[in-house]
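Each of the next two complexes has subunit A plus one other chain: subunit B in the first, subunit C in the second.
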Partner chain A sequence: MRKNSKLSNLYLVLVFAILYAPIFYLMYYSFNSGGTMREFEGFTLDWYKEVFQDTRLLIIVLNTLIIALLSSAISTILGVFGALAITYVKKRRTKNTLLTMNNVLIVSPDVIIGASFLILFTMIGIKLGFTSVLLSHIAFSVPIVVIMVLPKLEEMSSSLVDAARDLGASKWEVLTKVILPYITPGIFAGFFMALTYSLDDFAVTFFVTGNGFSTLSVEIYSLARQGISLTINALSTLIFLVTILLVVGYYFITQRNNRVKGVAIRK
Partner chain B sequence: MQTNSRNLYLIPYVLWMVLFVAAPIVLIFYYSLFDIEGNLTLANYAKFFTPVYMQMTLSSFWYAFLITAFSLLIAYPTAYLLTKTKHKQLWLLLIILPTWINLLLKAYAFLGIFGTYGTANNLLAWLGAGRQQILFTDFSFVFVSVYIFIPFMILPIYNSLEEMNPSLIDAARDLGSSQWETFKKVIFPLTVSGVKSGCQAVFIPALSLFMITRLIAGNRVITLGTAIEQHFLVTQDWGMGATIAVFLIIAMAIIILLTNNQRRSAR
Partner chain C sequence: MKQLFNAFIAIAVISVILYVSINQLNSSQGYSGGNTLTIYNWGDYVDPELIARFEKETGIKVIYQTFDSNEAMMTKISQGGTTFDVAMPSEYAISKMKEDGLLIPLDHSKLPNLKNIDTRFMDLSFDPGNQYSIPYFWGTVGIVYNPAMLNGKKITSWNDLWDPEMKNKILLADGAREVMGMGLNSLGYSLNDTNEAHLQEAKAKLNTITPNVKAIVGDEIKMLLANEEAAAGVVWSGDASEIMGENEKLDYVVPEEGSNLWFDNMVIPKTAANREAAHQFINFMLEPDVAAQNAEYVGYSTPNKEGLAILPEEISGDERFYPDTETTEKLEVYDNLGKKMLAHYNELFLEFKMHRK
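Moving on to the complex of A and B:
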């Protein structure tokens, strides 16, 4: 294949530069003693100190993590059930209906998900706060897990299950000793995707948080609306580092699980 | 007899679907039939067709169109050039990485970059153009949105370019077509499915953005998403909010139908 010319390399460099500029811009000014994002006056770690001394913020970080871990664990379990259910449905039409329904939450705009969940929770009488946020995060993570697990299940040859049956394995044994180990990479990929979706989500959470409860992205939104504060920069630098760790982790998992290539990516 | 026991997997999954996929959609339709005092009426729909809301809908579509068009214009060459680089997978990962960073943090970074004394204005001043109001304009809104959506346009196009058989290009060359002709008659038609799914991934969220309009466009731009958020969380007129949501769902369904038809045959 022909190699890129100088001009096209320049184009790529430019795209990458613009893609990363805002991120490094934030990081750079997080060390600014000046307190603005205009001029760099001197190096300081004060903003980081402020982040770690702000108990309210730390509680919010903790909330965000708890919601993310709990919701992705629960949605992984539900999602595995869903993927198994879809694989075992033999009728083509039912299968397609299930798959379409599954994708509704993935393609729906966040605003619609948020607004409709707000109506739902108010109608059932669930108080807005921890429970409502947790439930909605589980709700929008389930289809992602299903999508990540499904290809693994479909790739598994049915003779494996038949062989296990012939050798006298019970249904439970077939599930835990044959099927689940086989689809483990898909399950992990699904869990990771759910985790990052949950950590990243703003729009849905914003609708269902109510007053007393907040997650990191909702907090960042309200801080950013008040204007520039370098504490956000310090916080975002920390988040960026954690994100890189997560991505590297996710990358290694998907490397082992080549079939499931980054399908679902969030808007 | 086996299918009965297997269908047990369906129970939790279908329960989730009924509660979090079907019920919310039904509830949105149901709420759109009530006015702010709780009377059953079609007034919301009548209101939607008044000039105020029509104009908002049109401008929302116009902005979404602009954002999609610019994303496509920048993303297509990027995706094309990416397929020709060494270490493709690594570069692709670097394109995906920024999408894992919270959208609000990236938007927040632009508050600094586009601010009156920010980097963009310093550059303009240095070039002799003088300081301009960049933040809170249509330009900044479109720019930041394109910035945020670009990876979602690059990925599907990249994938469809990768799937294309390179010998087709060689064949076109051998038959004497110029580079532009090869692109117009061979490469682009073969990657239309990627372009379509890219447009779908950008257009729908672009219609429903609300946090960026608030942060970057300073409430000058009102999209359908902003209007829904406004009605649900600020004015508490859920009926009208739900009505707009109904139209957004319809718009979404139309876009999906338009952009999906060819995908099946392309696979």
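Moving on to the complex of A and C:
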């Protein structure tokens, strides 16, 4: 039994090593003074300096972040209402239809979504740029949020709502004091899923960027033809570290909340 | 609920901060002004210092955007919704864009520096009279090889690749025109040959090279050759200079039978919003010292004769990338063969790819 668990631990370590190896490889070479990913010549911070001096690159990073934050926030709001609507539809047939339509949007290929948006936007005369990217990111994030929130809603016992109504809560109070607090973890999960999807989406964004507005994924992809400079390694390292900080921060927040929940139920 | 509300406020605050800092950065670059020029180019295909110099000299603010393939660029431009003022497509894309009415004729009176371009590179089949396009960079298709892996043997012609000694040592770029062209050239035919008998002959000849071919690959050919996974590879000269930059043991040759001559060109798409600035920019790029500095930064061959004269001897004297007149006379630009013939080329190439040793 003990031997077994040792083996499984080893397996786990191996899997993580494989998953993280490319990232650490990339980080390692971001400190290379040699200028290529072939041989490590010496330690330098030049590439990091270059990242902060390249205003164009910085603007693109900020664009990427603002699009990710705004689109995931807006799609979280829309998605939560969507999930509520799907849960409280009475007819089973309608409910299944709505759910299937939501799932179709998740599994349909990004390239198709991107191309359709390009055609739609140019047809109705929206200039490609910030608005078009934001709208399309919201569009592909909403179904993801719905999927993340739905299980929480279904898990919630309907007697909770009934009890609240019996005690005289209005519809608004039921929503804000009973339902939303209960599904908060689902909402956060949906938000973070949408955030990561938006950050790394290439296929859809590629079609709808334009007029001097670009995001990181598109920019790095077109750099690849000439060979990617180590500045990109440095930038990727920074983004990876920020992501880790966010995850650790989120972990501590949920830890604290769990402890609080144990002491007092009301919030 | 409170938690959700706080998170929402936090996101709003961060967004506002981001928005303000983007604006700050933009105005520090002067992007907010009215007189802007949007350039749509390949990634990292112009020296950023030159853009800064252009902005300083003219007061026009430049927005630089990038694409990764001619097809992607054409899609964006033909769909509209963007205002690209200058783009840099390759020659075959120009014929297509011309046919589709995506380009604006250039006003040569606004381009006095046009005289600096080598006449060899003007008035070519894809754009007679340079009505729509001005050459930006040019290059060839040739063979990168590793003398150390071939016992010091030198490669000079396409036919050297058929040598039985090269068994399983060759990489080919995955392009129908390039590989079929290699077959046609090795037999002494034109790259643009449409004679069915010649094409069949070329394909039959290509079939006999299969034992030597290790793989037919895409962009990874650069990495494979630099890492010495194969002794020779058929590539574009732009890729070749990159590969040789990574691994100095390698050498590049334009085969003596002749080969392809390719171009990336500056054009003004129909979506242009600032045609005046677009002409100014093209004229600026044609200035000899600008062209020279750009060629040094990008590493491709410049068509600018005056610019070439300024470049250091070790670059301009490199016959691998600036072949002498005798070699360039044998080089051919791809003609637009038409949809049907192109499909036939693709078909023959596909048959070659499927041919088993």
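Rule of thumb we're sticking to: the second predicted complex is superposed on the first by the 222 of 267 C-alpha atoms of A that agree within 3 Å, B and C clash if a C-alpha of one lies under 4 Å from a C-alpha of the other, contacts with A are read in each partner's own complex, and residues count from 1 in each chain.
By definition in this document, a contact is a pair of C-beta atoms (placed from the backbone, for glycine too) under 8 Å apart; a residue touches a chain by one contact, two chains touch by 3 or more.
Quick caveat: nothing in here was measured; it's all calculated off a predicted structure.
In the superposed pair of complexes, A:118 makes contact with subunit B and with subunit C alike. With both complexes placed on chain A, subunit A has more residues touched by B than by the other of subunit B and subunit C. Once chain A of one complex is fitted onto chain A of the other, the partner contacts of A:126 are limited to subunit C, with no touch recorded for subunit B. By the document's definition of touching, of the two partners only subunit B reaches A:171; subunit C does not. In the superposed model, A:38 makes contact with both subunit B and subunit C.
In the superposed model, A:221 makes contact with both subunit B and subunit C.
Residue contacts after overlaying the shared chain place A:160 against neither subunit B nor subunit C. Of the two partner chains placed around the shared chain by superposition, subunit B is the only one that A:203 touches, whereas subunit C remains out of contact. In the superposition on chain A, contact of A:139 is made with subunit B only, not with subunit C. In the superposed model, A:17 lies in contact with neither subunit B nor subunit C. 36, 38, 118-119, 206-207, 221, 224-225, 227, 267 are the residues of subunit A that lie in the contact sets of both subunit B and subunit C, per the superposition on chain A.
Subunit A meets subunit B in the complex at residues 1-4, 8-9, 11-12, 15-16, 18-23, 25-26, 29, 36-39, 78, 81-82, 84-86, 88-90, 98, 101-102, 104-105, 107-120, 123, 139, 142, 171, 196, 199-200, 202-203, 206-207, 216-217, 220-221, 224-225, 227-228, 232, 236, 239-240, 243-244, 246-247, 251, 262, 265-267. Here subunit A touches subunit C in the complex through residues 36, 38, 55-56, 58-59, 62-63, 65-66, 69-70, 73, 118-119, 121-122, 126-128, 132, 176-177, 180-181, 184, 187-188, 191, 206-207, 209-212, 214, 218-219, 221-227, 229, 257, 267, going by the rule given at the top. The residues of subunit B lying in touch with subunit A in their complex are 3, 5-7, 9-10, 12-14, 16-17, 19-25, 27-28, 31, 74, 77-78, 81-82, 84-85, 91, 93-113, 115, 117-119, 147, 149-152, 155, 166, 200-202, 204-205, 207-208, 210-211, 214-215, 224-225, 228-229, 232-233, 238, 241-242, 245, 248-249, 252, 256. Subunit C makes touch with subunit A in their complex at residues 1-4, 7-8, 11-12, 14-15, 18-19, 21-22, 25-26, 28-29, 31, 36, 38, 42-45, 63-68, 72, 75-76, 79-83, 219, 222, 226, 242, 246.
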